[in-house]
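One chain, chain A, appears in both complexes that follow, with chain B as partner in the first and chain C in the second.
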Partner chain A sequence: MNLDGQSQCRRLTVSPDPARLTEIRRFVEDVGQEFGLDGERVFDLKVAVSEACANAVEHSGGQHHPLEVCARFYDDRLVFEISDGGDFRLPGARRNARRDDRGLGLPLMVALMDEVRIAKMRGGGTTVHLSLYL
Partner chain B sequence: MHVWSKMQRGLPLVVVQGEIDHGNSSDLQTEIDKYLQQGETKLLLDLTDVTYIDSGGVSVLLSTVRKVRERGWLGAIRPNADVRRLIEIVGLKADNGFRIFDDVNSVEAPTASAASTQPLAHEDAETTAP
Partner chain C sequence: MKVLINNTLTQDAFVIEVDGEVDVYTAPRLKEALSEGLELRHRTLVVDLTKVDFLDSTALGVLVGAQRTAREDGAEVHLVVGSPYIEKMFKITGFDTLFLIHKSVDGALGAT
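Our next item is the complex of A and B:
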């Protein structure tokens, strides 16, 4: 990402805890409204970002790497990057998966966003990029 | 999220207000399971005041429908347009096991034969679409 992109990042850093999802959604709401998105698109973004964060919380493995949500504004799109220190895993692949239907997160992200990219970072960690085109 | 429930016209009515997400969906599951464990197979879920739902909440709906569909149904009351869209995206469509009502008053009262004391259904209930 170039320096110009970095400078336009709106950032929220939270602990990987499902209880922080509300705060993350308020952040997404603020960014979405600032970007002029309608209510439906804001709702879609909230769900997609929540799913990415919930995945990150699940595969953080209790190691408490902070969860970082970064919103980048471009002329033609809005991109949310959700980064954490864990390795990406499909929900439900873990032994202690609590319920069925835990694999819905990724399909929902794909259904609701224009583009979804998952990057395994050098040195560990995962970043999920969620893009909405204008 | 705020969850409460009551019996209304012979059916369990679970009312949810606010946001259902990964952090609180187990509370909703617990409230629903309370009635399933009592043998109820038809259950109403009032979503009128639900402003947000993600896969945490949707998975509760899906698993509930799976549990009741052979003998009953889950009825969602007045989900807003966003919630309804998400429900449809995950493939939860109105059918034998899942219903959407515009109003709690449009739900038919259970008949006497539909009491929760009826014997267990057997393998004759696979009538839904594949």
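Our next item is the complex of A and C:
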């Protein structure tokens, strides 16, 4: 069952490569402006989506599952879904979670978004849902 | 992203001008520039972020790491921030308490 139902998805699919993050942020900017968000919220969204994608790239482990970014428009909110083929890991946890080094991505997403949901998909892969309510 | 080391302003400070987007992909270049300033034993490093339009958690980590190293050597990293959005990144992480944040490079140099 797909809980997201009939909502249309604007999709960007890229290889899990940090060099592609700029392109992802351009996509987020276009979608956010189209949705009528102000400059600050567009910026917040760029940070949150960029962090989610950077985490996905990091835990893709050099494999080549594509990274999918899907933007869904609803009456009351805008949702970005970031899906990859890897298993979610706490970034930086391996290195004793030095918060000044890596590992700030998830707290930033939580601070900037209205809702953050991380779903481990059956058969592998992780989807991060980032929502902004109007 | 472009990183320019500008030593024409003053001999006392090591000024790093950053232009563009600083993220996990480009932050290593900022880290290199900061390391260079620290290795040259400058007591004041100024990172001018006025032309930066995006900053991620890796970039914040690089700046915080540089500040820690600098203070161990009796030096200090100063920031110049123009965008309120970039300033907000420092506020929500609490990193605004680790840096003196200035509105202009002149302001940063005047504070040293």
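One rule holds for everything that comes next: the second predicted complex is superposed on the first by the 119 of 134 C-alpha atoms of A that agree within 3 Å, B and C clash if a C-alpha of one lies under 4 Å from a C-alpha of the other, contacts with A are read in each partner's own complex, and residues count from 1 in each chain.
Everything below uses one rule, namely that a residue touches a chain if its C-beta (ideal position, glycine included) is under 8 Å from a C-beta of that chain, and two chains touch if they have at least 3 such contacts.
Predicted model, so just to flag it, every value in this text is computed and none were measured.
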item	value
Combined model on chain A: chain C and chain B, fit or clash	clash
Contacts of A:19 with chain B and chain C, given as first, second, both or neither	both
First, second, both or neither for A:112, with chain B first and chain C second	both
Which superposed partner A:47 touches (first chain B, second chain C, both, neither)	both
On chain A, the residue positions that both chain B and chain C contact, one per complex	18-19, 21-22, 25, 39-40, 43, 46-47, 50-51, 54, 57, 100-102, 104-105, 107-108, 111-112
Touch list for chain B against partner chain A, complex	19, 21-23, 26, 29, 52-56, 58-59, 62-63, 81-82, 85-86, 89-90
Residue ranges of chain A in contact with chain B within the complex	18-19, 21-22, 25, 39-40, 43, 46-47, 50-51, 54, 57, 98-102, 104-105, 107-108, 111-112
Chain C partner contacts - residues on chain A that touch it in the complex	18-19, 21-22, 25, 39-40, 43, 46-47, 50-51, 54, 57-58, 100-105, 107-108, 111-112
Residue ranges of chain C touching chain A (in the complex, touch as defined)	21, 23-25, 54, 56-58, 60-61, 64-65, 68, 84-85, 88-89, 92-93
